[in-house]
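Once you scroll down, you'll see the structures, which are given as structure tokens.
The following pair of complexes shares a single chain, chain A, combined with chain B in the former and chain C in the latter.
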Partner chain A sequence: MSQVEQLSATSAAGVLLDLSGVLILLAAFACLGSKLLNRYVAYYGAQSVVLSFAAAVAAVTFHSVELWILAGLTLALKGIGIPLATRRLLVQRLELKRDVAMSTGLSTALIAGGALTAFAYLVTRPQLLPHGLVANAVVPLSTAVILLGGLAMVVRRHTVAQLIGWLIVENGVFLGAITLVATFPFIVEAGIFLDIVAGVLIMLAFVSGITRQLAEASSTELRELRG
Partner chain B sequence: MVPVVVQVLQSLVVLLLSPLYVSVLARAEAIVGSKRGPSVLQPYRDLAKLLRKGSAVSDQASWVFRGAPFVAFACYLTVSAIVPVITNDPLPLACLADLIGGAFVLALAGFVTSLAGLDTASPEGGLGASRASWIGSMAEPALILVFFTVGVVSASDNPYLMNHAIAHSPYALVLPTHVLGLVAFFMIVLVENGRIPIDNPAGSIEISMIEEGRVLEYSGRGYALMKLFLLSTILMSVFVIPWGLGTSNDLMSALVAIPVLAGKLALAGAAIVVLDTSFAKLRFFRIAEFLGAAFLLALVGVATSYVIGA
Partner chain C sequence: MTALAILIVACPLAGTLAAAVGARARLAGAATTAGAAVALAAAITMLATGLRHGVLEGWGGFLYVDSLSGFFLLTVSAGVLLAAGGSAGYLAAEEASGALSGFQVRLYFAFFGLFAALMLASLETGNLGLLFVLLEGSTLASAALVGLEGRARSLEAAWKYVIISSFGVTIALAGTLYLFYSASGLRLTSNLRLTWPYLFANAHAHALAPQSLRRTPGCPMRTPRRRVLPARCCPRRCSIPACTRSSGSWRPPRPGSVTPTPAGCC
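== the complex of A and B ==
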């Protein structure tokens, strides 16, 4: 019973951040394990919505207006904008519903994801964490999300799916950043955020152009374009 | 005297409510799919009819086939006695087994059901037994790991004590360990009850049936017992929602807990209906991936507990 008492001593914000971290990890796993492209995008959207909630919690905890702005931006752009744009581009215009093109099997990808998560826990031992952190579990969780996003980029063949893998990496970085370094200069964080989002949107437009010409966006086929 | 009454009442509640719950789920799914669906009382009528009928037993069947329904039903009664359904005050029989013991008892029920399926040497029974064992060999490790995640949070492996620990500390409920364990447990509940990503509960199609295949040879009273056993497992899963249980050992609080139980069942049922109507059935050999994911989530849950120190 002493463990339970110790748990209730944690702050409410820490518990909420830990919980959002877990949900974000679950969404990353769901992305990794879903074969249909529209579901993959929907899980990414759900992950971003949870992330914006986490940012709002951090904003309340650290009394920071900038984090509120970032939470709003995350919700609007990553939670709603990118999933909608991708859906419109892929599912409606290109009539692409499936992405079965994976370079490994689904179970291999999931097992690799589990191994990466275990690795994230191994490298972020509780003893090594700085004292006075709001949410301890977020550190390994965000590391795991970064690794899982990287894994999604590796195992997916479709270029748009790889782009969203990159966005999952970015979500992991953002989650770690709002918990660990709340004093991070706002302008840097927002700059990086907008850079990545703008980059992804440009690449989405670019890929859609290529796809219309080649009717194919698998990275194995795109290699043919080399000069 | 009162604890004994509550103990009996708990088993009766599980026994009487489980057919209703399954039929309400089926009705809700039919309504979501713009159909009318059978009456919610249909399982009771089926059971009453089966109990009146005589049973036909193959002359190739041994005592294993005849005894299996009683063993399976007894296992199910045992589990309904050791899991907190209407009160979280330890009941007289709570000392029988902890959660892992309960899992063993349910595994015994599954084992005798598989034996009975093999006993008559009918092809469907063997098929069902083979499939159920294959799934069980992957579901059980995941289930044990889920118990570890809850055990880590509550520092106990007795379902009543776990319940106390979690109901008294709202933080424990949203801990990463507990959330991961809960999601994994929900996936295992879907597997054990043959809900949609695994099996279609709406009908038994020969080519894809798992649980139904093992009991296909039964008729009459034996089938009624087996059926009740299959129906019950889903209801008892709801004990993971810790609130609303009677806290003291008197009859009144146990009685009040019954309508609360209905509310909790509705909550869990809503999630199941949404899943059932929005996903397609998995190909049989992809169930391994589904269960692998459940195992993985529980494992990550246990790993998390080391980081957050609880």
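== the complex of A and C ==
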């Protein structure tokens, strides 16, 4: 029996985790609904800061050094590093300010996001978890964040926006991990972080290469390889 | 045996090493091919000698090779050897014709060795979390290979490849999370709770969290699990199947009816 299963929804840590889950979901909606690209990146940064706060809450509750390291890494890399790097690349080097390119309208995207959130509750809530635990409240939220990140990847046309959508999906998985199992084994957790950092570096290299070749780095321009 | 397993993973890194110290295409290609040949020989040796008598396990479940993964080590290392031989000639010609710069050739061999090593390592682990890490790493290394030329078409292919497969692997991480959670009732260390052979051995154990993963015996997979137990029965540890075994289908309890509590319920 892991420690997390004793974390009830009414304890102080449970309430804080629940609140962080709601804020993370709201940040995902803000990402989905923001038109300006640099604001989109800023909302992602805010989401990661809240996620690191949730990890810190879990670290205090379980007296876990690994979770403290995880919280610090999340804050430094996802909360500060990645938003700053993408913002610098986008706003200063590529001189892109707006991302109006969406494959659907803004309201359609938000309504689809709402539907996906409802769907996440539908599939996870009744069967999955025992009652009274904080995970019972947060796991549907994390599933919804995963689905919203996928939706952001679909409706946004800019390649950087798709990259951030992938990172939102990753945040959703981490939120679920913090509340369900506190943390993966440390080697696995460190490897996942290494992969994320390497992935972001490689993808940013691709994005700047694509931008040098094409005008807008929008997926509408990536049409050469259609079968 | 363990030494052989390490050898299989480490040998393809010879090309990475050669590229890191600045070898040209001919030399780096030769190093890669030689490394792949040694890896193939080690895989054949391991399959022929060690794995006939059992599985190789070590490092708290992080190392796990059975005869099936031995077979795949054989096929993958043979594929790596063929690819290494092919790319040694191809990249040398590209470098000679000036189509690729020396830096790009070194980048190619560095990522080729990483890709091969990570792919072979992912066959040697029994830990599902480490499997995710290695698969994602090999995806990234191969994406760098796809986008190596830096032209619009190759960058487009690399972008589509890396974004789609990273997303897919992240969904697999969510699945791994549920597996890990379902094993939280097992009396194992946290590493072993993600280790496939242990999970598999306990697949029917009542210790697996029933609400998330364990399949109730006799139930079809898609039966809705709803608790039909009286409130005094603790749901978390109870071993009652949530369906009628004879018909294999789940029926909601009639209002007012009392569900009998079978023996064995806590």
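As a working rule, the second predicted complex is superposed on the first by the 205 of 227 C-alpha atoms of A that agree within 3 Å, B and C clash if a C-alpha of one lies under 4 Å from a C-alpha of the other, contacts with A are read in each partner's own complex, and residues count from 1 in each chain.
The definition used in the following text is that a contact is a pair of C-beta atoms (placed from the backbone, for glycine too) under 8 Å apart; a residue touches a chain by one contact, two chains touch by 3 or more.
Only a predicted model underlies this, so the values are computations on that prediction, with no experimental measurement involved.
Chemist: Once the structures are superposed on A, label A:L163 by its partner contacts, choosing first (chain B), second (chain C), both or neither.
Modeler: second
Chemist: What is the contact status of A:S48 with respect to chain B (first) and chain C (second): first, second, both, or neither?
Modeler: It touches nothing on chain B or chain C.
Chemist: Kindly classify A:N171 by the partners it touches after superposition: chain B alone (first), chain C alone (second), both, or neither?
Modeler: Neither partner.
Chemist: In the superposed arrangement, does A:I146 touch chain B (first), chain C (second), both or neither?
Modeler: In the superposed model, A:I146 contacts chain C only, not chain B.
Chemist: If we overlay the two complexes on their shared chain A, which of chain B and chain C does A:G113 touch? Say first, second, both or neither.
Modeler: A:G113: touches chain B, not chain C.
Chemist: Once the complexes are superposed, what residues of chain A are shared between the chain B interface and the chain C interface?
Modeler: 1-2, 4-5, 126
Chemist: Going by the contact rule set out above, which residues of chain C touch chain A in the complex?
Modeler: 62, 127, 129-130, 132-134, 136-137, 140, 143-144, 147, 150-153, 155-160, 162-163, 166-167, 170-171, 173-174, 177-178, 180-181, 184-185, 190-191, 194, 211-212, 224-226, 235-236
Chemist: Across the complex, what residues on chain A touch chain C?
Modeler: 1-2, 4-5, 126-131, 146, 150, 153, 159, 162-163, 166, 169-170, 172-173, 176-177, 180-181, 184-185, 187-188, 191-192, 194-195, 198-199, 202-203, 205-207, 209-210, 213-214, 222, 224-225
Chemist: Taking the complex as given, what residues does chain B use to touch chain A?
Modeler: Answer in residue numbers: 153-155, 165, 168-172, 174-176, 179-180, 183, 286, 288-289, 292-293, 296-297, 299-300, 303-304, 306-310.
Chemist: Show which residues of chain A lie in contact with chain B when the two form their complex.
Modeler: 1-8, 10, 15-16, 18-19, 21-23, 25-26, 29, 33, 106-107, 110-111, 113-114, 117-118, 121, 124-126, 136-137, 139-141, 144
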